[in-house]
Amino acid sequence: MKVVTFGEIMLRLAPEGYYRFLQADKYGATYGGGEANVAVSLANFGVDAAFVTKLPDNDIAEGAVRALRAANVDTSCITRGGERIGIYFLEKGASQRPSKVIYDRAHSAVAEAVSSDFDWEKIFKGADWFHFTGITPALSDNAAEITLQAAAAAKKAGLKVSCDLNYRKKLWSREKARKIMTELMKYVDIVIANEEDAADVFGIAAPGDVTKGEVSRKGYVAVAEELISRFGLEYAAITLRGSISASDNRWSAVLVSKGSEVFSAKEYAVHIVDRVGGGDSFGAGLIYGLTHFDDPQKAVEFATAASCLKQTVEGDFNMVTVEEVIRLAQGDGSGRISR
Amino acid sequence: MKVVTFGEIMLRLAPEGYYRFLQADKYGATYGGGEANVAVSLANFGVDAAFVTKLPDNDIAEGAVRALRAANVDTSCITRGGERIGIYFLEKGASQRPSKVIYDRAHSAVAEAVSSDFDWEKIFKGADWFHFTGITPALSDNAAEITLQAAAAAKKAGLKVSCDLNYRKKLWSREKARKIMTELMKYVDIVIANEEDAADVFGIAAPGDVTKGEVSRKGYVAVAEELISRFGLEYAAITLRGSISASDNRWSAVLVSKGSEVFSAKEYAVHIVDRVGGGDSFGAGLIYGLTHFDDPQKAVEFATAASCLKQTVEGDFNMVTVEEVIRLAQGDGSGRISR
Amino acid sequence: MKVVTFGEIMLRLAPEGYYRFLQADKYGATYGGGEANVAVSLANFGVDAAFVTKLPDNDIAEGAVRALRAANVDTSCITRGGERIGIYFLEKGASQRPSKVIYDRAHSAVAEAVSSDFDWEKIFKGADWFHFTGITPALSDNAAEITLQAAAAAKKAGLKVSCDLNYRKKLWSREKARKIMTELMKYVDIVIANEEDAADVFGIAAPGDVTKGEVSRKGYVAVAEELISRFGLEYAAITLRGSISASDNRWSAVLVSKGSEVFSAKEYAVHIVDRVGGGDSFGAGLIYGLTHFDDPQKAVEFATAASCLKQTVEGDFNMVTVEEVIRLAQGDGSGRISR
Amino acid sequence: MKVVTFGEIMLRLAPEGYYRFLQADKYGATYGGGEANVAVSLANFGVDAAFVTKLPDNDIAEGAVRALRAANVDTSCITRGGERIGIYFLEKGASQRPSKVIYDRAHSAVAEAVSSDFDWEKIFKGADWFHFTGITPALSDNAAEITLQAAAAAKKAGLKVSCDLNYRKKLWSREKARKIMTELMKYVDIVIANEEDAADVFGIAAPGDVTKGEVSRKGYVAVAEELISRFGLEYAAITLRGSISASDNRWSAVLVSKGSEVFSAKEYAVHIVDRVGGGDSFGAGLIYGLTHFDDPQKAVEFATAASCLKQTVEGDFNMVTVEEVIRLAQGDGSGRISR
Amino acid sequence: MKVVTFGEIMLRLAPEGYYRFLQADKYGATYGGGEANVAVSLANFGVDAAFVTKLPDNDIAEGAVRALRAANVDTSCITRGGERIGIYFLEKGASQRPSKVIYDRAHSAVAEAVSSDFDWEKIFKGADWFHFTGITPALSDNAAEITLQAAAAAKKAGLKVSCDLNYRKKLWSREKARKIMTELMKYVDIVIANEEDAADVFGIAAPGDVTKGEVSRKGYVAVAEELISRFGLEYAAITLRGSISASDNRWSAVLVSKGSEVFSAKEYAVHIVDRVGGGDSFGAGLIYGLTHFDDPQKAVEFATAASCLKQTVEGDFNMVTVEEVIRLAQGDGSGRISR
Amino acid sequence: MKVVTFGEIMLRLAPEGYYRFLQADKYGATYGGGEANVAVSLANFGVDAAFVTKLPDNDIAEGAVRALRAANVDTSCITRGGERIGIYFLEKGASQRPSKVIYDRAHSAVAEAVSSDFDWEKIFKGADWFHFTGITPALSDNAAEITLQAAAAAKKAGLKVSCDLNYRKKLWSREKARKIMTELMKYVDIVIANEEDAADVFGIAAPGDVTKGEVSRKGYVAVAEELISRFGLEYAAITLRGSISASDNRWSAVLVSKGSEVFSAKEYAVHIVDRVGGGDSFGAGLIYGLTHFDDPQKAVEFATAASCLKQTVEGDFNMVTVEEVIRLAQGDGSGRISR
């Protein structure tokens, strides 16, 4: 099985430990971005995964390519050119102090890419699955156009298409998001969202206040069902994060099928190491689960356990194996030393 | 509004993470000290804040001046001269292991300063508020004398005067503290204390055992009332720390007014990053709150939220903005990423 | 009083913080190993402690000797020679992600040592106590032989002999462990074990599932009693770890005497900094407690508090003093700053 | 005396030591830029120095402001707004491997600033000297326009105006540079250039090949004279770098006056720590020297010694005092420990 | 063109900067080994390069695979299994203090590999060049056997075969080396050696004392000629290192052809950053040069410049591009900043 | 053979690499001080060495004791008590920028020690040699008194006494130094000095200007002869440092005997890693050489080579072995890798 993902990978610059930006004189440099994170997760699970993007021809961007390649991601369809690689600065929160992200991604190579930069027919040759997130079309009008072309080409080539809604308010308005995401939904089989995305993008809200740590599983099932029925999806999955504080979260998910079957995952109490990329690791886990297990319940448990583990790992990338995920999904969350 | 604080700023040397002194071969070097911390907090809130001290004329002390200046604190009234800058070594505790402080502050420039080092009339020109803590007069007989001169001059110049009792048993005895602090109280309008200070300095004890994590709000209201009536204060505020362990604290405060109104702040469960300077950040928050909000309840909530956030930030200085404090005071302690 | 311990000390290589092996490009280098850890703990308590092993004659091994010497451990009976020092790689877990240990200890100098490398009569001159763990005889057939010689010599010389069962499944099978450990038990007065060791080595199981965080004190008392009666011991102690997650453990212990008296220690909720060496620090605490206090209850409380503190300290070695342990054992686990 | 400089300050991200970009997973974060570097140098010399720029309103840019403020630079005329702070990545060279700079400065706040962002009349109130470099007008057409306005306003307000040609081929073509710099020259009294700038910008070449390490003082005197006569300058100074390798440079300068007097500085053999900002520190040294010494020879010696020292200091900023510069200028380059 | 190399890749553990082993509590962790280094160099030059070895199935070895893959080396023919990855500890020298290497490579997976671990026919499919060094057959008798099989298979498949003599006295005696290397020479077309290897392995000595920094080009031409005639080689290349100190070396090489043509490279004065891997980078440069340039003089200049640059780069791997090498080979060793 | 040294050991705090104090937010923490450095050097040579001092009873001072103990120095005669351990801050220079030392050693435990803190008769039991430097008596009047008592006791007990003049102008005036050092000379057999000490302390000057890098061997022989004749010494040794820059020094020494024999050591061109402790390592090398070789020429060559190597090692302590020193003294300064 081969999965293709398309989007932006950025240089991530984060002060060590719990230092704030104003205290930092050193930044840890890694790379990340929604769809790249999904590709890396899948490659760590042993899946053949390719990441498609456009990156400039300099050493900082080359670093991103090498990080992907080290993780066994196929980088052969990355177009080189353009002005710059996007950057994001991450300050890790603790207790009542939230994490803080400063984006410096405007004018990136992929945001300014053009349709002719990608030959989707060639890219999808031999592939089985296409994944993108709502961030990619939000990058620019060009990027939206290209995403539409990619999704259409994927559909045409017979790939399964999944999309993580991932609404980013700094990139586009809710109105624009709704318009373009609605168009993209035509090609999508499986939607993934967090507790707020469906409301932000499609106005499909669930009750409760996420800033209070309240998680209403029932309400989110309704959201998933509405997504399925509105867009004719195969599955809709919603991750459920109860933010007790920046240090402690509750984490779970529900998966709902076209036939309104509800698969509800176990809930984890996560002591957060790095929550960025949690949703992406869920997406990767779900793709893996739906294609490797016969049971959607197993799939959502795998996805939830995988993304629980991600939040205990530094960086955007989920550096865990299938065996580690299964051990947790099967109930050993004791954290006893593995010698 | 302009606030002047007076005291000692020290070089703080702390091993990284949770290494003990006996394991350290590298010390993170920052600067801190009660009144300097208050000045920095206020400057971060946008208040015009000046810190007064005496520092030797070498690069280590110059580092302290630059750290203050970077934070926008007015350093123009710092006298240069004397032998050395005080140092304190900090080993961060975890779980049942307490943090450990080794002071090496004897013979510091400010401890050996003389009255003629400071021209208080000039220093207080244009200022509205004077803040000091019980550490400054404890440094030496000279320092006690100068603090008295400063407090008297502040009062005379019509400034509001606040004092954080901050008893340090390594610096002076309870007897000496009571004698000198009683004298200083003549000039003080607002007193801040933690759960133990009032008992240590003035013998005004509240019931309960702080090492057990018990916090009796009621008892501390009584302590505050006694402080107000004994010294004719405008306000007395007491911070309430429930030390569950070195890693987890409960944190709150009460503010009592001359008229015996009680303003009781919300209680936070803090996962500690660095608790040093917690009381100072409360003091700064209270000064800000009492001068920027019309409602003492808002002031104590602001002060408590500010100092809750401080304990999630590395270093003595509270690197947070008014907006961040207000967001927490208004109830969002979920720690969700701020993108 | 003088204690001798015998075993392997390894170079420990661990990525900083919560980085996984695949993310590491820097390893913190310290040294550790069951019996060395016990010796260091005891030396930190002021006891005259000697560690016996064989180490190659190179700078990496010399680093181990210097680390021991710095901690005041007598290294004069360490034989130099052989090919290599054992290494272990440690990846620290967090939340649901377990810590991970990769051993690279085969062919170490001590695993390939021969009987003539150690003159036990000379080594035990003036000593009062001999301690070893089940790891040492597991290293190789030679090592098992030498351990037997050591234990016999200790007994003959009138030393008290203690053994921490410490079963390592990567080093030997349960069958082999049972055979050799049974032989060794002839010389042992005091046995220490964790919740699983007695079952792994001697098939003496207690009810409950350790991966679920369940701790049945009663069941473990029965295990201890069975150990005492089967091997004619003076004491058997069992540490009780409830692994809630890699970040949070419950920690306690029971000590049972020949006369079936049960001494049950307080339970601690530990926020883990580094749990490696927890059992060793308990062993050292017990040796200290049984020889310095008149009351076995005090001994087990001391041992449990000591090992609670260990888990808040980085590295294998328990860098705490008798005073710190007693303060915690007497009930101050508040973690308030010690100034 | 008060000096105003105008230009761009960037976040500088540099791998530690001699690691190449492709090896870096950590970047040291400091700030720098031609005119900011000059302002910091002057402030370190005790001069009242203000830096003018436009910076976005986020923490990364706030870091730049705080770095300047720490160094005692007046930041009160910095306009806040715009999209991003420029970034440059620096890989330090060694021996035959050159240092490498990757610019990511397009679309920075100052490059997209507009005339109304700066009120030059107000900015220059009380100032004596205005300094800019050829980088600022190269940033964008807007920036060129604003630089012209600034230079004209400075002239009108009676300030002395200095300009470091600093040609950057990635920012503009030689043609465009010549056109705009020629216009700016109308307002300039003192020009500073390195061995290549005059040729690049104005086509005024000196013989010899800088990549061969040849330094022809005579040829550069001719260049300086041509600059003076072409633009009616008071002084022209040319720094002379003989690049033996990335690790070892020869460093000197010539200063020529309107009256064709030549002041030729001593030559230093510099073992390079960080050569970035060398020219800027020369500029600052020259401004200081021409305003504080009666003798242009002393001025050029001071400037050359100052910039020699800069190259032994990490970062863009020249962290040296007047006393240190004078000691070197007077001949003590022995590097003996100053206790 | 495709190049295959075969050998051992080790974990390299090196204290930062100039710390000695006895001072280190942190080791930088990279990977390296003669033939792996050659593969990485070639991949950085854009050549299709595959590295063949055997590595255990754990995360430390997986790190080596990922480092190779990041650098674009084909790792698909690496056999997984065996006990451990070899380790070497490196202490960097300075001035008169030599670098120090401690090997801990015995019992590594590749040293204990067996013939059936590698299917050379399959491995060499599509390949043009096979490279190995004298270290591989020295690892063990098995490894010698496998190397012979590989060389014979390469020859049979029509590949060009190159060998770097690389004598390691800790791995085998001169007698054994001579015996086995003589056998291997049957299959070799091009030999690379440093100043001492030919003497150590084949007793072919050149005059002069390498510890005195003397380099006699003439003598080494004679050595090369003797190698060519004795083994019927196409080319023999000898690197010439004049060790002035651990910090400063002179570096050059001679290449001699079957027809006794001598191609003598320029000599570089290198200020050493990291000299490990210098010879390997020369080998890679020579393979690149002989296959990409029509002129052996250009080839040896390219190889010498490439390996000069390597010594300015941290780690075993030569992280430089063809463009960078050519710029230096063409004479720009000035180290001027490349912006 | 057993050597006793007496003096002060300080906490040394130094920014990493070439960062200046004003840039540092991290200090490397090691320990050092003239006589402690000598003891460590000797212990590294395998000599039984004891260091005597007074240190306070806190963890920072305990770190010094552990560092000494790790290096095999006998710490059993260190008195515990007093207020603080002395501190010195070290900023490493480069090229024309000198290293900078800021002392914060006033009021240290040893400076405030009293005679009864040391029982010299007991301390010298079994010892053969006593070494001190001119720093110890300069610490305070008490320290001078104690040094006199120690030297007298050593003489009386039949020890050989050596003294390194080590003049520190910040600690005492030349007048006071001359008076007290003259008294101490009565007990001294061997004097060590650098190029300036004899002039500073006793007014015995040699021609030439050390800041110019001029080293006149002849002049210093005259100085040594004058020292011998004035104080009736057995030997006088003078180290000769030619400071070309902070990065490059020339280093040699002369040893003159009572009989006016001159033993002149080879001169080394040292690329400096850390020059602090250079003189101390010479002293230790001389003590070792005079007691282990029959030939004073060998002794001074050993001492000079040892101290050459020290300057390539980070920290005050000379971490080298006898074998390493002898290899250099015998002429191998090539710095070729020792595998």
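Residue numbering begins at 1 within each chain, and the chains themselves are lettered A, B, C, D, E and F in the order written.
Keep in mind that, in the parts below, contacts are C-beta pairs under 8 Å (C-beta built on N, C-alpha and C of every residue); 3 or more make two chains touch, one makes a residue touch a chain.
What you see is a predicted model, and the numbers here were worked out from it, not measured in a lab.
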Ordered by label, the neighbours common to chain D and chain F are B, E
Separation of chain A from chain F in touching-chain steps, minimised, is 2
Taking shared numbers over all numbers used, above half giving same and below half different, the chain B and chain C interface sides are different
Farthest chain from chain D by C-alpha centroid distance is chain C
Dup interface of D-F (contact pairs over half shared, numbering-based), picked from E-F, C-E or A-E, is E-F
Per the C-alpha centroid definition, the whole-Å distance linking chain B and chain F comes out as 45
Taking each chain's centre as the mean of its CA atoms, chain C sits from chain D at a distance in Å of 62
The positions of chain A in contact with two or more other chains are 17, 20, 22, 25, 66, 100
Pairwise touch list, complete, is A-B, A-C, A-D, A-E, B-C, B-D, B-F, C-E, C-F, D-E, D-F, E-F
As the complex stands, chain E meets chain C at residues 13, 20-22, 24-30, 58-60, 62-63, 66, 83-84, 87, 89, 91, 100, 102, 104, 106-107
In the complex, the residues of chain B that touch chain A are 17, 268-273, 305, 308-309, 311-315, 319-320, 324, 328, 331-339
As the complex stands, chain C meets chain F at residues 66-67, 69-72
Listed in rising order, chain D residues that touch chain E in their complex are 17-20, 22-23, 93-101, 103, 168-170, 210-213, 243-248, 275-276
